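Written out below as structure tokens is the structure these notes cover.
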Amino acid sequence: MSKPDLASLQHFLATEFPQTPCLIEAVTEGVVRVRHPVGPESLRPGGTVSGPVLMAAADVALYVAILAEIGLEPLAVTTQLSINFLRKPAAGKDILAECHLLKTGRTLVVGEVSLFSAGDAAPVAHVVGTYAVPIKT
Amino acid sequence: MSKPDLASLQHFLATEFPQTPCLIEAVTEGVVRVRHPVGPESLRPGGTVSGPVLMAAADVALYVAILAEIGLEPLAVTTQLSINFLRKPAAGKDILAECHLLKTGRTLVVGEVSLFSAGDAAPVAHVVGTYAVPIKT
Amino acid sequence: MSKPDLASLQHFLATEFPQTPCLIEAVTEGVVRVRHPVGPESLRPGGTVSGPVLMAAADVALYVAILAEIGLEPLAVTTQLSINFLRKPAAGKDILAECHLLKTGRTLVVGEVSLFSAGDAAPVAHVVGTYAVPIKT
Amino acid sequence: MSKPDLASLQHFLATEFPQTPCLIEAVTEGVVRVRHPVGPESLRPGGTVSGPVLMAAADVALYVAILAEIGLEPLAVTTQLSINFLRKPAAGKDILAECHLLKTGRTLVVGEVSLFSAGDAAPVAHVVGTYAVPIKT
């Protein structure tokens, strides 16, 4: 498959993965940026953005980065993901996830994601995840 | 703080963490079991339960296991979490998360969670996570 | 390939992986136990067993558990490994690594390892690792 | 403690951690580079550098990066480490580990390490690790 552009990826995400609140903001050379809106439903005790919201943002950013690289393959699935929570995100700010791929193999793709509270420079979390992609016969 | 019982934990989760759909099913010697209901909003492309739903179930199970051990401390926060996705969960089954703690330290608690599609014996995912707990002065 | 027995695995490890100081102690139903001798060269500042020695013990235990399951495939390679250090190991005790597999797939195998200072009940570390195995055509 | 320079760090590593074969090559603004020599004892089946050698290189790079930041604190210990193996390292090349810190907290420090076969541009492995540092009273 050829590499899809931003509009194709946004359309794909909206039709194939309507459950996600994430929006693709940018697909540039080597980096994908995704925004996860944050509302009261995204919080946890202590008034901060919940871990699973951060993990969801990272997972979608990885998925989009992989599709941007290998083409619109909906059956790419996460096999492993590791997250380090670095700083407390602010309750009132969206989460931005920036992903670049570390390795695109024949069956496994590994990517790294930095997560930010929109407008803040220091990352709130850092993720490394692996996706398995179906083997093309 | 003393160790809370199941009813106290259920009440705590409902009042302090209303955003979570998770229900605490059991708090027995060494093991906590949490159920994450699964509906259409929990799915991803391929008709399976999304990774973030599994991560959320594991994170809540860890949180509850820690509270069950150290007392109702709402400010315990995840510092690190690693998930391996083992088998494809069925779309129509709730997710059960069973957690036991590996180590309860003064500032860090590490726990392990096995995730299942309700009714199935083989785990769909496996998590190890670390929480930081505020130091008691 | 058929499942090898303890003697075959010990011979394989000695001939194919002479660099490792690890010894296979047991290969029983579902669990492999490996011993990593500990001497002064295994220590780090603070007089405890170094992290890399624990990681090496876990990695060999995983490798042996996989070979015990799928047969003597020397080209199985680690793709991902996560370790949590739980308790300080004693300087004078060997490290025991006990591994059981979480999932044996067609291309990826995931296993879990608990690491102990020989003679102590509480694990000093916990590992989850993934190996890729060559696809049989 | 003040931030030590390269010579102080090299001296510290040689005296406090004589077990490690690693050499500190550079300590520049934000990045530490460490070299792990590779010989026959570093290999594994398949003629490639063993996973534990890569993990050791990363662990020492993290340790040095942390000491460079917080001062010569020998009791900093690894609490968690995750490694993704990306490409097969060449048997005859030393391993270079480049570390930068993601977050320096009061009790936990998180860093990221890229590992290379000396002379090659694409990383052979990627690590994220956490160290606990004793609380200064």
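Order as written gives the chain letters A, B, C and D; numbering starts at 1 within each chain.
Heads up, the rule we're going with is that a contact is a pair of C-beta atoms (placed from the backbone, for glycine too) under 8 Å apart; a residue touches a chain by one contact, two chains touch by 3 or more.
Just so we're clear, the structure is a prediction, and the values are computed from it rather than from any experiment.
In terms of C-beta pairs in contact, the better-connected of the chain pairs A-D and A-C is A-D. Same-residue interface: subunit C and subunit D share over half of the residue numbers found at their contact.
Each chain gets a centre from the mean of its Cα atoms; for subunit C and subunit D, those two points are 22 Å apart. Each chain gets a centre from the mean of its Cα atoms; for subunit A and subunit D, those two points are 28 Å apart. Between the CA-based centres of subunit A and subunit C the separation comes to 33 Å, rounded to the whole angstrom.
Residue positions of subunit C touching 2 or more other chains: 79-80, 82, 84, 130. Residues 79-80, 82, 107-108, 130, 132 of subunit B are the ones touching subunit D in the complex.
Taken in their complex, subunit B has these residues touching subunit A: 16-17, 19-20, 40-46, 48, 50-52, 55-56, 59, 74-75, 77-85, 88. Residue ranges of subunit C in contact with subunit B, taken from their complex: 82, 84, 86-87, 102-103, 110, 112, 123, 126, 128, 130.
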